[in-house]
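Two complexes are shown next, each including chain A; its partner changes from chain B in the first to chain C in the second.
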Partner chain A sequence: MILKIAFRNILRHKRRTFISAITVAFGLMLFILFDSLMGGMDRASQENMVNLTDGSLKIYSREYAAEKMAYPLKYGIRNVNPLMEYIKTLPEVTGITPRVAFLTEIIIGERSLRTVGSVIQPDTDPKVFTLPKYIHGGRFFSTNNTQEVILGKKLAEDLGVGIGDTVLLSARTRFEANNAMDFEVVGLLETPAPFINESGIFITCQAANQFLDIQGFVTELDIHVPWSKTEDINAYVKRINIIKDKISAQFSGYTVNTFHDLNSAFLEMMSGKRAAQSLIAFFILLIGAVGIVNTILMSVYERIREVGVLRALGIKPKEIRRMFLYEGILIGLIGALMGMVAAFLINIWMVNSGLDMTAFMKNMDSSQMPITGLFFGQWNINAFITALFLGTLISACAAVFPARKAGKITPTQCLKFQ
Partner chain B sequence: MELLQLTQVIKKYTKGNIEVTALRGVDLTIEKGEFLAIVGPSGSGKTTLLNIVGCLDTATSGSIRYNGTELGKMDEKALSVYRKENIGFIFQAYNLIPVLTVRENVELPLVIEKKVSPREIRSRVEKIVTKVGLGDKLDRLPAELSGGQEQRVSIARALVKEPLLVLADEPTANLDSKTAEEIIELMKRINQEKKTTFVFSTHDALVQRYAARIVTLKDGNIATDERR
Partner chain C sequence: MLVLIKMAFRNIRRNKRRSLLALVSVSLSLFMIIFLQGYISGMKRSVIYNSTKNESGHIQLVTKDYLENKRFKPVIYNIENPAELITYLKDDPVIQKEIELITERIFFGVLLQYEGNNKAVIAFGGDNEQEKKLLMLDRSVVQGVYLNESGSLGHKEREILIGQKVAETLKLKVGDTFKVLVSGSDYSLHIPTLKVAGIFKTRLNSLDDTTFQVSLKDAQEILNTGGGSQQILIMLKDYQKAEEITQMIQRKLDADARFASIQALSWKQSGGFAQMMESMEQIYGLIYFIIALLGSFIITNVMMMVVLERRKEIGIIKSMGFSRFEILSLFLMEGSILGLIGSISGVVTGTIVTSYFVINGLDLTSMISQLNMPIDNVIKFVITIPGIISTMFIGIIVAAIVSVLPSRQAAKMKVVDAIKSV
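On to the complex of A and B.
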């Protein structure tokens, strides 16, 4: 009977219920959409790491790993071939490619920029990295042509060069000699990873043999393990860690890192952002809770004689409290459902079309972010369940105060013949 | 047979800084099965007397005995049980639960008590609602009824637990004279059939015609006590 009265009272004041529920709905909708956007950003960042910058796994020599921030060309991977042959036998690995990172200065007339270049092998690199997909202008390396370079599009724009232009690269060779060489720009890269767009320089192994005197020497091996859209990061990292352990057990003297190991600081920062997101959503929900407190309090004062009748008929104070508590919970539930439906509909658009944050990110140092301005949402059923649970819980908490007030009303207070 | 005995009941309360004495030593005995009207001008103490008899208010001094039990010594919890088990209330403003149907409003006291089976509740509710002339409106909400019909529902609710005493404060004040007469006739009929004691306050001369006993209050005292 108590639940029946609560339910009918909610329906009786439809407009009031709707307004209270909508504040809860708004808070929960933002919570779900924040989660979706953050999840989408996380996923896109992680995919960029795997597909564009780090591969699923990266192998260095131990000496190189210890000094890798200095990009030392003196520490290469010894016995590359047996290592590669072994990795190729691992069933989950679909691509392996060598790379050499080197410090270089790109010079155009009087302008120059110091950056890190990458030596890649054009036939195997696309099996690990998806660079060819992001060539916007020009082409990928067709052969091991010695005189070609591919640049990040933003870098090329900053330097004022285009397809067919010649740039001068200067670097120290593997044997510490200074060298400089002209390269023809054959392709421009515009990837979802801003770091590549702003400072990416790619040359072929053939070119590096002459330019850096590397002669088959490599500083890293990059491995690709396919990652399906439906697999979450934890499962994927677990899977590649097994491969990492297999390689480490088979070959000593190497450092094997997953993309997760290499970007742990960034990934931790992203987790921090998630905590901030939850806090924001919590405050929005608090506003909703104030709305519920107000609605239930209004209801208590408006129905003071009704409460009196119920008390006079023998309903206990705890049942009166429960009645108003149910009303709060019902408003919360309605709000949560409204918020979930709204979030669901908006998220369809966010997942499929993405949210263009380019203008917002223009003034940010995007080189630190492995993602560009178009952010896609992500489906996360847990966020919906959490929203439902949170909405109901907060509404229940919000209703406690007015419900207690209602429970304290004595029948004599409100029923006295007047 | 004596149901209620009030001896030297005094009720004082403060209104702002002024002390008001609403009842000044009232002595009144109410027999079982009486149909008693309390009349008097505004401020004479009618409503205060009904509140004290119904345990909705406490007396400043004096004794109130119900069926031999002294009510003045009971705490709020005991008074609540007494109220629930012995008294039916009829309010001027009906005080029906607006979201419940006629049937649900009337069955509420029995549902809360949880002593009667659902089948018994159904049969008792239908019987009493038919008795007050609303058998065809069991599933209507109070908002769909006229004032007179609402008051009938309120009477049915007061009677469904078959209390010994029904208190009614100006039960016809919000009704037109024809409906008021119908309501008072209904109360009188139940009083005669079930021997339920009715104590009601009224200003209405038409209603007073039906009372078997009229107690007139003036300035907190019983001015006249007339049996017919």
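On to the complex of A and C.
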């Protein structure tokens, strides 16, 4: 009965209810959209790490891991074969490939740039990294015995080279001699990972045998464990951590890292950013809550005579209190639903077309970021549930104060009031 | 008009609690704006300070060919006669007056290799004495000594001051010598021997992790520039004037055939983080506006209720001869007064809290220590009087705007309907 009265009271002032509800709706909408965008960014950068830059898991020798910032070619993985054979037997692993990272200088006439190159095995590499998918112009490595190089598209554009041109690479070999060699550009990469577009250099291991004198030597093994779109990041990391432990237990002398370990600093920064964003959304909700307090306080004063009549009819103060509380909750609920619908509609667009921030990011040194300027949202049911819960809770809290006030008034006070 | 203001004030006092709510929400949002502004300006100042000092200067002079290949920091498109150019500029009394410091620099990329470890770095050739006032690495030397001209033994070995993280990666210690391969301004390869004279630690990753300093003379000899320098950096007494003076310098350069190929760039044009911060400014402006709008939303809310509540009164004063315009101004005034008082209190509290951070700074070490951005670890907030005043205006204006709708509604009411309503 009390609920019915509360409901009728809300309908009495449609516009006022609407205004209060819309503040809550706006706050919750922003909350959901922030979450979607941030989640989408997180997901995209994590997928880039897994599919393009780091793989799910990476194995180094212990010595190499300790000095990997220096890209030393002196500490390779000994006994590659037993390690690879073992990993291939793991049911979840769908691909494993060796790579060697080397610091190199790429030179075309007066233009030169120093960056990290990768030696890859063309037949097994695509099972771990999705590079072939992003070849925009040219082709992936065809035969292994020629001196071919694949470059990031942006890098090639800056250097002024195209398919078929020759570039000079210079590096130290494994035996610390300087070496330089001509390579033919056969493919250009345009990936969602800016780092590859701007400074990616890939050569085959056959070419590297001569160039870096590595003779089958590898510094890292990269492992791919499929990650489905529906699987949450934490579940995935947990799953690959089990594989990490298995490998570590079986073989000593190696360091096994998940992509999560390798990028912990960045991922931590992302979650810090997320906390800041939620804080802003929370502030907005707070302002919405003030609106609700205001609305209910208003109705209390406006209906003070009614309250008196109700009290005179024998309705208890507790019930009066509950009536106003219900009103607040109902307004919050309506606001939450409106916010959810609005967020749902905008999110359809954000998930499918993405938010183009390239214009804002053009001045940034994006090579340090794991994603490009096109941000996609993602669906997160939890955010919607949280919004509903939060909206209702905040409005309930906001209604407590004016409701208590209404409950305290005596019938005579009410009826005297003009 | 005075009567209207009086009435508006009295109306505000009629329901103190409700007015207080509106005030609090406006203050809260302005407080947030002031705080955010202080933080962003502090960050911006830190970035501009560091990136102009370390990279671009307030004004940078380079050749047009260099500019086209900027990403590669080429050493073949040099200013051939830097000393001549510096005297030429200094001879102009107007420009001379604005200049704090003018110096030559050469940046060049090198692959450093030491005992099998590799690191790509940017070598930084600058005048040892001048750089004490500019890059100021002499204050950050943690091991060994700062560079001095007599320490370098010319062709035998050249002294360098190396970043602490570079040294750590390469396992270099003070006194170690090693060879590097560089391609010079004459397109040929040179293999100088470098000796670590000192190690610096500035806590800025963009320096500690990617650079070493070498004297300008050594850099010119290593690269065989024939006395040329890649760029000339100018620091001004007031960096805000950069654009104006850049244009002045450009006109002067264009006037002389010797310097026809040289381009002057202010720090806002030379790209990088300083420019990025500048372009972010507009986005932040929009965010401030949205926050103010949200805070003022409560005013709309309050005003709408006020109008509904006072329908009868509106009818009465209308029948007493108040014009539409007067009713409109009455309610507009009420909203604006709420906005004004709220803005003032928000700005005052905001300024007080932000002042704390202006003095003590906010420690962001844990967040940015991994980033390669030219930001100090402790950010000191910046508040400016124009910033505070404009924020206050945003508050007042937005409050006035949002009270237009309910006020118009009040003004439009028909006398008979208004009086009849309960």
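One rule holds for everything that comes next: the second predicted complex is superposed on the first by the 413 of 418 C-alpha atoms of A that agree within 3 Å, B and C clash if a C-alpha of one lies under 4 Å from a C-alpha of the other, contacts with A are read in each partner's own complex, and residues count from 1 in each chain.
As a working rule, a contact is a pair of C-beta atoms (placed from the backbone, for glycine too) under 8 Å apart; a residue touches a chain by one contact, two chains touch by 3 or more.
Every value quoted in this text rests on a predicted model; they were computed, and no experiment measured them.
On the superposed chain A, the positions of chain B and chain C stay apart, so the two partners fit side by side. Of the two partners, chain B and chain C, it is C that touches more residues of chain A. By the touch criterion defined above, A:Glu176 reaches chain C but does not reach chain B.
Using the contact criterion defined above for the overlaid structures, shared-chain residue A:Ala275 touches neither chain B nor chain C, since it reaches no partner. When the two structures are aligned on the shared chain, A:Ile381 is found in touch with neither chain B nor chain C.
Look at A:Pro72: by the touch rule set out above, it reaches chain C but stays clear of chain B. In the superposition on chain A, contact of A:Ala249 is made with neither chain B nor chain C. After overlaying the two complexes on the shared chain, residue contacts for A:Glu306 are found with chain B alone; chain C is out of touch. Rounded to the nearest 10, the superposed model shows the Cα centres of chain B and chain C diverging by 90 degrees about the centre of chain A. Shared-chain residue A:Gly314: touches chain B; no touch with chain C. In the superposition on chain A, A:Arg8 contacts chain B only, with no contact to chain C.
Chain B and chain C never share a C-alpha pair closer than 10 Å once the two structures are laid over each other. Interface of chain A with chain C (complex): residues 13, 15-16, 19-20, 23, 26, 67, 69-74, 102-105, 107, 110-116, 158, 170-172, 176, 178, 265-266, 269, 272, 283-284, 286-287, 290-291, 293-295, 297-298, 301-302, 360, 363-365, 368. Across the complex, chain A is touched by residues 47, 50-51, 54-57, 76, 80, 83-84, 89, 91-93, 95, 97-100, 104, 108-109, 111-113, 169, 201 of chain B. Chain A makes touch with chain B in their complex at residues 1, 4-5, 8-9, 11-12, 305-306, 308-315, 410-412, 415-418. Here chain C touches chain A in the complex through residues 15, 17-18, 21, 24-25, 28-29, 32, 69, 71-72, 74, 76-77, 109-111, 113, 115-120, 169-171, 181, 183, 187, 271-273, 275-276, 279-280, 283, 294-295, 297-298, 300-302, 304-305, 308-309, 367, 370-372, going by the rule given at the top.
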